[in-house]
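Below are two complexes that have chain A in common, paired first with chain B and then with chain C.
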Partner chain A sequence: MYVAVKGGEAAIDNAHRLLADRRRGDRSLPAISEAQIAEQLSLAVDRVMAEASLYDPGLAALAIRQARGDMIEAIFILRAYRTTLPRFGISRPLDSRAMRIERRVSATYKDLPGGQLLGPTFDYTHRLLDPTLSGDPEVPEPSRRDGGVGGLARVSDILDGESLIEMEADEGAEPGDITRMPQEFPLSRAERLQSLARGDEGFLLALAYSTQRGYGRTHPFVGEIRIGLATVEIDIPELGFSVAIGEVRVTECQMVNQFKGSAERPPQFTRGYGLVFGQSERKAMAMSLCDRALRAAEYGEEITAPAQDEEFVISHCDNVEATGFVEHLKLPHYVDFQAELGLVRRLRAAWQERGVVSEAEEGDAPIGEAAQ
Partner chain B sequence: MNAATYNFAYLDEQTKRMIRRAILKALAIPGYQVPFAAREMPMPYGWGTGGVQVTAAVIGPGDVLKVIDQGADDTTNAVSIRAFFRKVAGVATTTHTAEATVIQTRHRIPEYPLKEGQILVYQVPIPEPLRFLEPRETETRVMHGLEDYGLMHVKLYEDIAHHGRIATAYAYPVKVAGRYVMDPSPIPKFDNPKMTMSPALQLFGAGREKRIYAVPPYTEVKSLDFEDHPFEVQTFNEPCALCGARNVYLDEVVLDDRGGRMFVCSDTDNCESRRTGTGAQS
Partner chain C sequence: MDAALADPETGRRRQRMGLLARASAAELEAAWAALDVPPEVTDLRGPETGLVMLTGRIGGDGARFNLGEATVSRSTVRLASGRIGFGQLLGSDRDRARRAAVFDALAGTEEGGSVVERLCAAVEARLIDERRRQESETASTRVDFFTLVRGED
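Moving on to the complex of A and B:
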């Protein structure tokens, strides 16, 4: 029995020692450093930063190492750290137009100002295992264009110029903060986007996929995906102007969706939006599809599919919450199970008695607790 | 990072204030689920993060903490939570119910009667008693607002129609101060009668679901039932095989694979105290 005996504390200590041993693995191999993880497993680091809502590659790498590569565990560790940090203020909205672009593709235009930039993508690689990667082969320097790319107009701006796509109005209101305020349905779109941005990549991917297969179809086109470095600016009240405090790598996806028109509004494309820390195209695209699906009520669309259901999607997209509650089932439940055991035994006794005594007898005969 | 860099009881004072406000509101409206901005805790959701946050918000340096899970002080998660507070708050801990000022619990109420000044903090997985009848939060909040509990009574009635009795053995719904239907957390219904008119303060924390609710001292807590099917608790024929206690909740311990079993106290501290004669235990 792992409970009901003294010594739980020693057992836990020993379990953690064994965990540390397994984490280190074979001592004859060199230990990996956080810097190596941050440099060579950077997409894992990006995912941890995105779903932990904390931009710090070094700490994310430490979390991945500490979690033995278990991504959700690493996300959890980093979030638990994040929650202890004070919130100094709210940054100005990131200006993705001014991003220093590393990748930028549009599926809606063959060519556009600034061109299509493939960047460091897996697309068009042939997924053949590459044995030449083993060891530490020489890797040639990439070719770079001079000066970098910035200030590229977004596809949504191009469509905006013709009023072909709905406008996003800045209401100037302070956005909600799902990490500081109780969540109450229905959420504002800002809160919904925050939830999606830290939502589980796999869950959002599956939901997004379901919309493509007819469960809440949104007729999407990738207006644009851009990956690059965006400057974070914060207003300093004492100074009266904003100050750049650093850059973050983000992936932005603007999905252009089916048009709507009414007596009041001319036909226009609608949008779904995705913005994720780091390089994570899959997540940003899934997020933008989910965002659009969740706006069904806004457009008077019939809500029939899981991806359109705000309470369903938002309540279940957080993998730290989900893993905690699913895995809590391994905690002892023997008190409740005992209660169920007693009940089932009693119900069975009543059922048997009914069968033996007579068909006419009602099931309400006073029968003692089966656990007696 | 080491523990010294954390605030007393882990949470920063702003967060504690936010939680205390939620607790005060919960006390003002007994049984009502107050939304609060639950924080990520360094332990998993579903493992007592709500209870831990409530405890962290109410505990002071002079408090004595007891933590139980399934009635026992030595279950692994109880050990872990107790160690957490020893580390981040440096408070004294105890296994004796009578000595504790704050008791955090999962799934049980101690057998030894609670007294004034004690706080019982329940860990709650699903705070909404109507959740399995209506999955939508927007709907259940309206139902509570309108005191529309017909669905719950229909469910209990259907139990009686199908099984001859109410087939809920734990997390048995209660009505608090004649108004709100409340989930008492997954305690066996055996413990429900201990909640009513208790001199202790009862606080409920659900971290993942971000809700806090409360039962102030000396408040009526009534288990839902029907006139012709009154609420009844589990009874055990045998006494505890170790201490001989009757009228306590027992765990069934399987001794072998040939049907051998014995029944022992779920409240391990109460059982031990009775056997060693220490402490005035029931």
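Moving on to the complex of A and C:
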């Protein structure tokens, strides 16, 4: 039963006013701008765009500012904003082969064509807190090197040259869309990837880690990680052709996993795939490990671990849904709780009564046992 | 839809629209100011902001999947001459989309063709410059492996 209770409007208004004050903080400090967040906290912006499933750096920066830096709150705000907009259409598939490369590394081939391009990475930093960053120190311009980056072949193409890796087939099927249709398990791999691409980085990271520790082992190697800018092309039906409308930054991870073969096919490496908005290497790697673990049934592998359980992983990877259900517990449950209070009081009364009865029947038997 | 791509005029228009989508607000403003007479514009659609679902391919080259959406702003305009222009770009900037649509309509006309050409050339030069700089910065982080010789021979 729900009972409407009124009241609290003034308290709520004042709480939101207090929130606005605390969000602004010390007025003697300059207010932070969305442009500053987008430029200087860009990986936070990338995470919000990825998990909100909406690419718009300016709006993501605004959401981070509005949420006082609470990432899941920012993701929630941006996800909610998304629902207010009409959908104009669907893009042509992004071409990660042609994208403008900002970073590309492989853990499987040292001397792959195009080489190892480290890009702006935290790798090989010492993770020592740097007090010299305080204030606004002069930052030198990046180094440059002529010769460019060139077209970079994929590691999967190299392996495919000897048919050593499974290749993906395109049957031309229209991919399912989890934002338009209710989820029904089992999902297609396309729907799974859509869920994982917007899934919580921490949750997917933990699951990916669990597969490495033996809970659904898949023996992975990073075939290749590439970060860069991919051109977005959309069809203009009135004109009958497609046009480029800009670039988006994405991170792609091709995970190469241990082999599968059959009577019909010799053993080949298998693959896990990750593609995420922004510079989000950890997330793309976790996604590719989870993608491969979730393909267990496809390869006839025994499903023994959480990371292999599609319904478990997909139903719990969305942090907006998760936070909604967990956080709703703090909202008024006065009536539900009254019912529980009544129930526990009745149970206690019954327990007391039985105790008194059994004491009378069995003399000095302890009450605890009698209650059972 | 792909048959249209073979036509050279279509190729030029696609390239122009792609560049107009990348033109900054300042570049569009400067080009607008360079027009002799500001054109008379009727909005046929928008300017409006909505979503486009971005798709990827499984494994980079397999079946399509939905990656997530992006904001897109678009505009369709008609000039007094009857010419129709389309503007569409990533992001929420409807003013840029509308200006892009107007310049798309003005392309090849006596009153604005040369301004559009100069605008597109400026945008293209900037993009090439940015691309070269970013590419050379990335290239500077390429690892040059060398092997240490160990032992006598």
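Some observations on this one:
In this text, the second predicted complex is superposed on the first by the 342 of 372 C-alpha atoms of A that agree within 3 Å, B and C clash if a C-alpha of one lies under 4 Å from a C-alpha of the other, contacts with A are read in each partner's own complex, and residues count from 1 in each chain.
Keep this in mind: contacts are C-beta pairs under 8 Å (C-beta built on N, C-alpha and C of every residue); 3 or more make two chains touch, one makes a residue touch a chain.
Everything quoted here is computed from the prediction, not taken from an experiment.
Contacts of A:185 after superposition: chain B is touched, whereas chain C is not reached. In the superposition on chain A, contact is made by A:334 with chain B only, not with chain C.
With both structures placed on the common chain, the touch criterion links A:125 to neither chain B nor chain C. Contact with neither chain B nor chain C is seen for A:262 once the two complexes are overlaid on the shared chain. In the superposed model, A:134 lies in contact with neither chain B nor chain C.
Contacts of A:86 after superposition on the shared chain: both chain B and chain C are touched. After superposition on the shared chain, chain A has more residues touched by C, the comparison being chain B against chain C.
In the overlay built on the shared chain, the residue A:28 is in contact with neither chain B nor chain C. Contacts of A:154 after superposition on the shared chain: chain C is touched, whereas chain B is not. Contacts of chain A with chain B, set against its contacts with chain C after fitting on chain A, overlap at residues 82, 86, 179. Remark: chain A residues 49-50, 53-56, 58-59, 82, 85-94, 96-97, 100-103, 110-111, 115-120, 142-149, 154, 156, 167-179, 189-191, 193-194, 197-198, 232, 234-236, 238-248, 250, 252, 254, 271, 273, 275, 277 touch chain C in the complex. The residues of chain C lying in touch with chain A in their complex are 1, 4-5, 10, 13-14, 17-18, 21-22, 48-72, 74, 76, 86, 88-92, 131-143, 145.
Interface residues of chain B facing chain A in the complex, by the touch rule stated above, are 1, 6, 10, 12, 35-37, 39-42, 44-47, 49, 69-72, 74-80, 83, 106-108, 125, 135-138, 160, 163-165, 167, 169-171, 186-190, 208, 210, 234-238, 249-253, 263-264, 266, 268.
Contact residues on chain A toward chain B in their complex (touch as defined above): 1-9, 11-12, 76, 79-84, 86, 179-186, 311, 315, 320-321, 323-328, 331-336, 338-343, 346-347, 350, 362-365, 368-369, 371-372.
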